[in-house]
Structure formats: structure tokens, C-alpha cells
Amino acid sequence: MAFEEQAQAIPFWRNTQVLRWTAQIVSGLAAVGLVTWLAIRMINAIQDRNVPVGFGFLSRSYGGPIGHHFLPYNPSTTAADTADSFLYSLLVAAGNTVVVSVIGVVLATILGTLIGVGRLSGNWLVSKLSLSYVEFFRNVPLLIQLFFWLTVILALPPVRSGIQIGDLFINNAGISFPWPSPTGVAPTVSWLVLAFLSLVAAYFVYRRRSRLEIRTGQPFYPIVSGCIAALILGATAWILVTAITNSVPFDITYPAPEGRFGRISGGATVPAALIVLLIGLVMYTAAFIAEIVRAGIQSVRKGQREAARSLGLNQFRSLRYVVFPQALRVIVPPLISQFLNLTKNSSLAVAIGYSDLLSVAKTMTQIGPALSIFILVMLIYLVISLAYSLIGNLYNRTTAIKGR
Amino acid sequence: MLSKLFRKKIVLASLAFALLAGLLASCSGDDATTGGAETPEPGPTTTAESASATTEAVTEGTEAVTEGGEAVELTQSAESRLQRVRERGNLICAGRNDVPGFGFQNDEGRLVGFDVDLCRAIATAVLGDPNAIEPRFITAAERGPTIQSGDVDALIRTVTWTTSRDAQWGNFAQTMFYDGQGFLVSNDLGISSALELEGASVCVTQGTTTELNLQDFISQNNLDIQVVTFEETDAAKASYEAGQCDSYTSDRSNVAAIRFSTDNPEDHVILPETISEEPLGPVVPHGDEQWFDIVKTVMSILIYAEAYGIESGNVPTEATGDPKVDRLLGFDSSFGQSDLGLEQTVAQDIIRELGNYGEIYKRNLGSDGIGLTREGSRNALWANAPCLDCPRGGQIYAAPLR
Amino acid sequence: MTVSQPNPAAEGALPPPRAERGVIGWLRFNLFKDWRSSLLTVVAAIAVVFALFYGLRWIFVQADWGVVAELGGRIAIGNYNTVDSCASQNCFWRPQAVLIGFVLILGMAWGVAGKGMTRNIAIGAATVISLFAFLPYSWEEMGMDVRLLLAANLPALGVGWLLARYTPLSTYLRISLLAVAWFVVSMVLLRGITGAPGLQPVSVNNWGGFMVNLILAVGGIALSLPIGILLALGRRSRSPVVRLRIPLGNLRKLKLSLPIVKWLCIAFIELFRGVPLLALLFLSQYLLPLALPEGFFLTRIPLLRTAIVITLFSAAYMAENVRGGIQGLHPGQAEAARALGLSGIRTIRLITLPQALRNVIPAIVGQFISLFKDTTLVYIIGVLEVVEIGRSFIQGNIQIWGGADKEYFIFVAAIFWIFTFGMSRISRRVEERLGSDSRARN
């Protein structure tokens, strides 16, 4: 019996299990070995050449300028206080990159969808224009596009002789407009919390109404009623907070030129470099997104739209309720990788004068250990990328065709 | 059955593991032995370290690869950089090609500039040919790693001499130009001091410590200045010219070049404040004293040739009778040429090919270049050398050649 | 005028109304269908007119293209032929010989493919290259030899076509091998050989201009394809499972699986996809020389370090493309292959990959386009590629050429546009052909 079994057994060099295990382990060890070898060499070289490494510098104060920042930032060391640390400065810079990335992603998606739909428009001129847009912006390096937009914005008048329309200031240093600014911690925070709760409540109104609409077939105006609910609740909260704390949560400040150089202060100012960066990134990425959207819409069978039209849905609704939900399955994965591209491309910011993560990191390397700084920068970029990938994968999971 | 198979797998896996572990161990063991053998000295003296690095490269002798004919010869660890340069046939200088006056390419594609001429002077001294240079263009952040790695023979790239760089990067041979950070503003602003820049926006180029110096200046004087950082001078200049920034700041030499390049240089003024100290000069890798001395000597030759009034057009061909000049030109006695492995008449070659310090300055930075004034500035000579008591007020000075 | 087919509508059928025929009909249908469409048309038309007016006025009246003429051949080959890099002789013929070799291979491809797109591309490319021989430079600036070598590209195309037609070099495989050989020979030729007459070595550090962008993009894509395929297969690889029997209460069986290869591949792909190329390039300049042996040629030549990073970066994207192609295949394909008795490797080689790769050709072309544009980023490490060579020249001579960067960048943008637009057309054609195939299958 034993003899027979041995005769029938697969020799181990042809056993897929053995082969696979060997492959896994050998490749794993090879990779580990290669990495270890490089790491050992690198550590030796670092020691030999006195290359500064380590992460102790992160708590030291940095004191380099960051031109524009969304998080509060203090670079100057005075007798009264010390400058922000390397770590916090890096986070401020990462904040810039994240905000640029999120705003860019939203705008690029909107513009890209419009152009992608425009590509399929029945209007000849619109469809050809959309095509030219895609072919032009997709095929020119982004760096060159950014320089072009910088030249355009520099053609605006300088601050001292800028354009003023009411409370709107337009000049080549940026665009300034009135903006609500928080008045104090207690009223602002409490109102923000209440406003968030009203949004949640409004969402429930929207959901209930849309379910009713679907069930009964009668119009229940879910979006409109949701918005009204949010407004009413938000306004009530505002009045309540004002009554209790004796101060409005937000106060609108108006921009006004100030000082010898006429710099605009008050309100909110979007600096020119940020405008250039966003225009460049959005226009460039929108060209790619347009192609993705077009391909997505075309992937939905024509019969679907025809069926929707024959059910009496108008063109917008058939696109909104029938075509898009199906197209999204095709659109989302490549769309996410465009989001990643946009985020990574934002590292070109310093070429046109915007301080993003990479730019600040490069300045930091002048006084900090370059190796450690760059490892941190790569980690931050990885985290942002993985966050986008995660959103994409979650979406994929919820919308994947089930039961196949 | 399964467990039997599994046992086989385990045996196989452990065999493979042992193999790899052995390989790894032998590799790292190699490293360890070389490191241990080469650094018996207790103190981390740079010479020993660099020597150990070189031997390490030799241990991987098989990997000293010949790439398409370019022989990377690392035959002996004892080989000096001078020998290596002579074998290679050219001098590798890390530099720039985008700074007016210091290093840029002219219409014919020839690399010219103050830094480039210093590199050519060294090439003339050791190879006899001012064109035997191989420029390597690097970014500011790469300067440290590049010179530390020893891949280049000299780093001549508007590098500011600081103590920490001298300790970490390499040896600074000689200050050949005194620079400092200055501000450029438009005349119609009507300001005469950088302290009046309160509320202004200032354009700055990234890369060196310019940004950090500016922030220090802002902090010290408690000013409210908006800093706009650009990667490259082009964009910063365009931004300044369009009035996006009220001022442009950089090294004064660069500020002068930018001012000169505007449509009407008279409309712009360089403010008197100099907010940083920037002595610039060539850097050589740590670990080769001879090479360090050669570079210092070449710089001295350039400076003393000017002091003695010897120019490219009038290099004497025979002894003049002036002992200092004769010593410089190699007609009489020596200033250490043979000890450094240089020709007796090395100074003649250098001056004939490139001229003296003054000529190099004038050609690149002075009236024939970016138009910096030299008279009365720190970059004038310290004295008229033949008469030691007629000072010129400058700081350009080098070890006497004797 | 014989009525061969009965036409039910012919009798008494009226022609369509005037308003739906001809130019007016086309306009009505395509531009002014309803008020929304008309509004769009008017707005779009105004925008086009304005853009065209200002754009053309700038290009032909306001712009000063002097910097492009001044740089001339350096835009194409960087400092390859300057006094510093190729002092004792004229090295210009070497890149030109490489170009002629490329056109020769293009001619062969045409000879094999016959009519269609390949022919149009081949003839178009060779004609455009030959036209450069007639650039309005003086003889001192652009000699007869240079012009003749440029003009020789048209005959080279013909020779290639003839070779493909009348010699055994008439299969795609042989031409592909020849192309690889051409690439290797080109690199050696460009690099030069010490001691060989007429082949004075030109340091790789002096290569530059558009040549470098092309080398990096072509080399990067070619090398990243095999790496990308391996990574994709690795990422999809199933890990072996071992069932351990543990005599412990309910825990009878323990499934043990260790997908090391999969994890490694995922880690590699996500690392290289998640980080900006700019940061990778920067770090490579810093880290590679530290990690690799001193004096090793990779550490000495920045362009090679760049090439490695670009290849790995591109391989991570390639892996995802290929994975998409493999996932798009019906699992029945592989199952059928296994049922026929093909081994795992053969299934992949003969069944999975050929189909998967064919499906991802458009994606690969798209990636090539991105990579090609991304090669402009190597400026950060001082490689004088096409943008950097002009930028540094303008910045170094800012007194003379200050402000000319607009013209230069737009010129470079135009070059890139021509290349990438051509490639995206090719990709679209391939996509259409594949699309029609799959429709036929459905």
C-alpha cells in the first residue's frame, strides 16, 4: 500500500504546492536580502560621510517662510515666542497640498464631466470644442501649462493699481473678497456643531422624501425640502447662539488696501499662485477626466438610454438616473487614479511660487537632514494617495455588480 | 501524506533560507571586516574614513565597471585624486549653467562664467588644458551629497563657506568672491532702506539659504513681509517685474544681474542693506590633502598674478629680474610646484590661458559681464602687492606664493 | 437610369424640405437645433473667435522667436556637440545616424504592415524630419553635411521598405529584435568608443535636449513592460495554502497561507504610484549614490539614475494596466487552457498575456504619453532635457534673453503636442479596432 502510494505521488519538484511555496519564500528572501543589502550599504555610507540623519530635528523650531498657508503658522522667533517646529511646519505644508488637492479634485471632476458630456453633445461646435480642449490640454506638459497661466495672471495690474469692483479686489497678487471670520471660540464652535447637526437632520429629511417619492410616484421635492430644512435649522441655531452668547458666530470682514504697498488686508485673499496652480491642475486633469467620463457614458448600452427616454424621462433625467449610475462603475477606478495624479502633480507648485509640501521640504533640507525630511514627505504623499484609493475601493465595493 | 509533503517543503525552504542567509552573512561580513580593519584610529578622522570608503569600493572590485569605454579606474586605494584626474583626462566640476556671470552657456554653447573659469584654471594647472573639464550640473540641495561622495573633483557652484559645511561637506579652498543678500526695489516706491519694506511682498528664489536669511531678517526687525517663494529665477523675476512682488531678494551679484536685465535698470535700485554674509569659493572633497593644496595654490596664482600686474597678454617668456614675479612664473626658485605634482611653469600656463583674477572678474562679473563694480568693494585686492603699503581696501587675499 | 430595385417611397416622395438639406440643413441640425443649442453655439463661437484672434496675433506679431533660432540644434541634442563636450571633432552626425536608423526601421514596419496607419506615420515622420534640412539658417550655423544627413531620411525610409519586402526581415518579431539592436547600437554610438577614430566619447552628462526625453521615454516604457508584467502577475498570484491539523478541541484545521509575492508586488506598486515622480527623482539623486558601491557607473551618471527611477515608476503603472487587462479576460480562457493540459506558465504565456496585452495597448500608449511628458521633470536633477536646456540658457543670459521663456515654452509645448497628439490618435485607432472586434464577438 505504501509502495503504491509512493508510486502515485507527484514528485516534489512537480508539486505545485511545493513549487509555489518555494517561489514565495525564495522571492521573499531575495527581496528582503536586496533591501537589507542596500540598507546596510546605505547606513555604512551615511556613517562614513557624516550624512545627517535622524528625526530629532522634528521638535526643533524651523523658522522658514511659508508664503501662503491654510493652517495657522508662525515662522518668526522673537523674545516672546518661538517659531513653530519642523514637524508642525511640515504639517502646515501638507495642509496646503491637501487643500489644493481636494479643491482641485472637486473642480476638475465638475469641469471634466461637463466636457466629457460635451464631447457627446449633439451640437457640432460644442462637441468639436470639447474634443479640441481634450487634445490640447492633455498633450502639453503640465509644467509648461503652469508657466503659461502664470504669465496670464501676471498680466493683471499690480496691487497698487488693481481692479476694484465693490468689495472685490482683483490684481496680480490675488483675488480678495468679503469673508465671514469667526468672532470667538464659544459662539463659533457651538454654532458650527449645531450647523453640522442641522445638516444631518436635513439629510434625513431628504432621504425620507426621496423614498416617499420613489414609493408613491408623486413629487415630494426631496432636494428642495432638504435644503429648506437645513436653512431653517441653521438659522434657528444662529439666532439661539447669538441670544445666548451675546455675539454672532461669524462676522463678515471686508478687504481693504493697507499700508505703503497697498496690500489688501481683511476678508479673504486667494493668492495668485494658488489660482494659477488650481487653474493649471484643474484644466489639465479635467482633460483626462473628460475622456474617462466619455468612455464611461459610451460603455452604457444605447438601449438603456432609449428605454429611459421611452419611459418619459427627459434627457437630463435619463442621464442622471439611468446612464450615470451605470457609467460610474466604469468611471470611478480610473477617476481615482486621476485624483492621485492631480495630488502628485501639485508638487510642481513651487515652479510658479506656491509653497506646497515638496517645496517647503526642499527649503527645509537646507538646515535639516534631507534624508529624513524626504522620507517623511514620501510618507505624507503615500497617506494622501492611500486615502483616495481607500475611498475608491469602498465605492467600488458598494457599487460592484452583485450576484455574478 | 500532507504532513510528509509539508516536511519536504520545510526542508526545502530552510535550505533556501540557509543559502540566502549565508550569502547575506558573507556580504555583510565583508563590510564588517573592511570597516574594522581600516579604522583602527579611535577618533573619526575624515582621512581614515574616506580611505576606508575607497577600499570598500575596491573590495567590490568587480563592480568598478567600464561603462561604454569610460573606464572607472579604482586600481589602488592609495591613488591620489591628482593621479585619478590625470588618468581620466578631465576634471569633473560640479557647477551651474543658469547663473549670469558665474556659470552659464553662451551663444556657441560654451560654458562660461566666474566659477567655470576657476574650474578651467585648475584643469590648466593639472592637465594643461583649460577645456579638459566635465561640468556636472546639480541642484542646490545636491551640493552636499555630491561633494561628500567624492564623485566630483571640485564643487564650484556659488557655495557659501560656512563652518558646518566645511565640517560635513568638504574643504573650502579659498574665498574668491564676497557676496551677501540684498534687495531690489522699484524706484517709484521711494524707499531707501530694507527696514521700510513693512507690509510689502518679497519674491525669493528657493535653493540656498536665501529664504531662511530673509525670514531671519523679518523676525529680527519684527516686520510684516509676505514671502513668495519661487523655484527658479525666471519666474521670480517675471513676478517682480509685473509688480506681483514689491521687492526681489537674492545674493547681491544675482540682484545686480536681475536689475541689469530689466528694461530700464535706472528704474530699480539695490537697497544698501546686506542681510547675510556669503563668502564663495571652490570646495574639494575631504581626504586628499594634496588635492586641497593644489586648488588653494591655483587660486593664489590667480590672485597674485593680478597683484603683480601679469595679464594673459603680457606673460613674460624669460626672467624679469623681479624675484617675486620670477618665482610665480617658475623662472627662479619654487613655491612648491614639485611637491604638489605640478609643472614648474604652471602659473604661466594658467595666466596665458585664463588671465589673472582681475581679468576673470572683469570678463564675467565686471564691466564685460554682469556689471558689478569692483573698485572699493570687498572684492578688490587687499593691496597693490609690489608696494605693500598702498592698500586697495578689498578683501581678496591669498597665501603668498613662496 | 434603370429602376432595378423597387423603391416604395420613390413614387410621389418629395425631397426633404430645403431647410433640412445642404449647408443650411447641416447648420440647423448640428448647431441651431433648439434655443439651448443655439445659445451654446453663439457663446462657443465668440470664445473661439477671441481665442484665435489673440493667439494668432501673439504668435505672428508680438512674440519674438529669436531664442528658438539661437538655441537651434541644442534643442534637439543639448550640449552634445558643443565645444566643451565634443571638442576635437564634429559629433553632430551621430545622433543623426541614430535618427536615420529609426526611420529605416519605420520603413520596415511600413513594408510589413502594408497600407494604413503605419504607412501614414512612416511617411509623415520621414517627411517632417527631412524638411528640417531646409531650415533658414546660414551655412556657418548649419552645414551642408547636417542638411544632407537630414534629407537622407526619406531615402532611408524607402530602403527600409525594400528591405522588408525583399529580404527575410519581413516579420514583426525580427523587426522588433532589430529595433532593440538599434537601440543598443544607438546608445553605444552616442556614447562613443575610446580610441576609435571619429567616435570620440561624449560623456553621458553632456547628452541633452529632446534626445534625452525620447531616450528616457522609449527606454523607460520598453524596460518597464517586462517588469510591469511580472509585477501584475505577482500581484494576482495565488498563494499556496497549507492546512495544518492541530489536535486541539475545535481548532482542527488551520489554513496557513503566506502571499509574500503578492504583498511585495502590492507594496512596490503602491509605493511608486503614491509618490510624486519629482520626489522620487530627488530622493534617487540622494540615496542611490549612498546605497550603491562607490565608483559604480550608476552612481556616476545622473542620467542613468534617472532612467532607473523612471523605469520603476513606469513599471508600477504598467503593472496596474496589465492587471486591468488580465482581469478583463473571461476566467473561462485560463480554465480552458488548463483543461487542455497547458502548464501554469504556458497558460500565462500563450493564453492570458497575449489577449490581456492586446486589450491594454491603448492604456500603454496613454501611459507612454504621460511618461513622455513626465520626462520634463528630470530638470530637477540637472539633466539638460529639452525644457531645461532652454530655461537654463535663458536664465544664464537673462540680460539678453530675459522674458523669452514664454516663446521657448510655447515652442516646446508645440513639439510635445505634435508627438503626443500623434500617439493619442494611434491609440484611438487601436481602441476603435479592438472595440469593433469585441463587439463582433458579442
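By written order: A, B and C. Residues from 1 in each chain.
In this section, a contact is a pair of C-beta atoms (placed from the backbone, for glycine too) under 8 Å apart; a residue touches a chain by one contact, two chains touch by 3 or more.
This one's a predicted model, so the numbers in the text were calculated from it and none came from an experiment.
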>> If you drop chain A from consideration, which chains still connect to each other through contacts?
In response: one piece
>> Measuring between Cα centroids, which chain is at the maximum distance from chain A?
In response: B
>> What's the distance between the Cα centroids of chain A and chain C, rounded to whole Å?
In response: 28
>> Just the number, please: Cα centre separation of chain B and chain C in whole Å.
In response: 38
>> Distance between chain A and chain B based on Cα centroids, please, to the nearest Å.
In response: 41
> In chain A, which residues are in touch with two or more of the other chains?
Replying inline: 17, 21, 25, 41, 45, 49, 51, 147, 151, 362, 370
> So which bits of chain C are touching at least two other chains?
Replying inline: 242, 282, 286, 290, 293, 405
> On chain B, where are the residues touching two or more other chains?
Replying inline: 9, 53, 56, 141, 145, 149, 232, 238
> For the complex, which residues does chain A have touching chain C?
Replying inline: 16-17, 20-21, 23-25, 27-28, 31, 38-39, 41-42, 45-46, 49, 51, 121-126, 129, 135-136, 138-145, 147-148, 151, 337, 340, 344-345, 347-348, 358, 362, 370-371, 374, 377-378, 381-382, 384-386, 389
>> Show me the residue ranges of chain A that touch chain B in the complex, using the header's touch definition.
In response: 5, 9, 12, 15, 17-18, 21-22, 25-26, 29-30, 33, 36-37, 40-41, 44-45, 48-52, 63-67, 75-78, 83, 147, 150-151, 154-155, 157-160, 172-173, 258-261, 263, 272-273, 350-353, 355, 359, 362-363, 365-367, 370
> If you look only at chain B, which of its residues touch chain A in the complex?
Replying inline: 1, 5, 8-9, 12-13, 16-17, 20, 23-24, 27-28, 31, 35, 49-50, 52-53, 56, 140-141, 144-145, 148-149, 167-168, 189, 191, 196, 198-201, 203-204, 206-209, 211-212, 214-216, 218-219, 222, 226-232, 235-236, 238-239, 242-244, 246
>> Per the contact definition, I'd like the list of chain C residues that touch chain B in the complex.
In response: 70, 74, 79, 81-84, 87, 187-188, 191-195, 201, 203, 205-206, 242-245, 282, 285-286, 289-290, 293-297, 299-302, 380-382, 384, 391-399, 402-403, 405
> Taking the complex as given, what residues does chain C use to touch chain A?
Replying inline: 30-31, 33, 37, 40-41, 44-45, 47-48, 234, 238-240, 242, 258-261, 264, 270-271, 273-279, 282-283, 286-287, 290-293, 320, 344, 369, 373-374, 376-377, 387, 405-406, 409-410, 412-413, 416-417, 420-421, 424
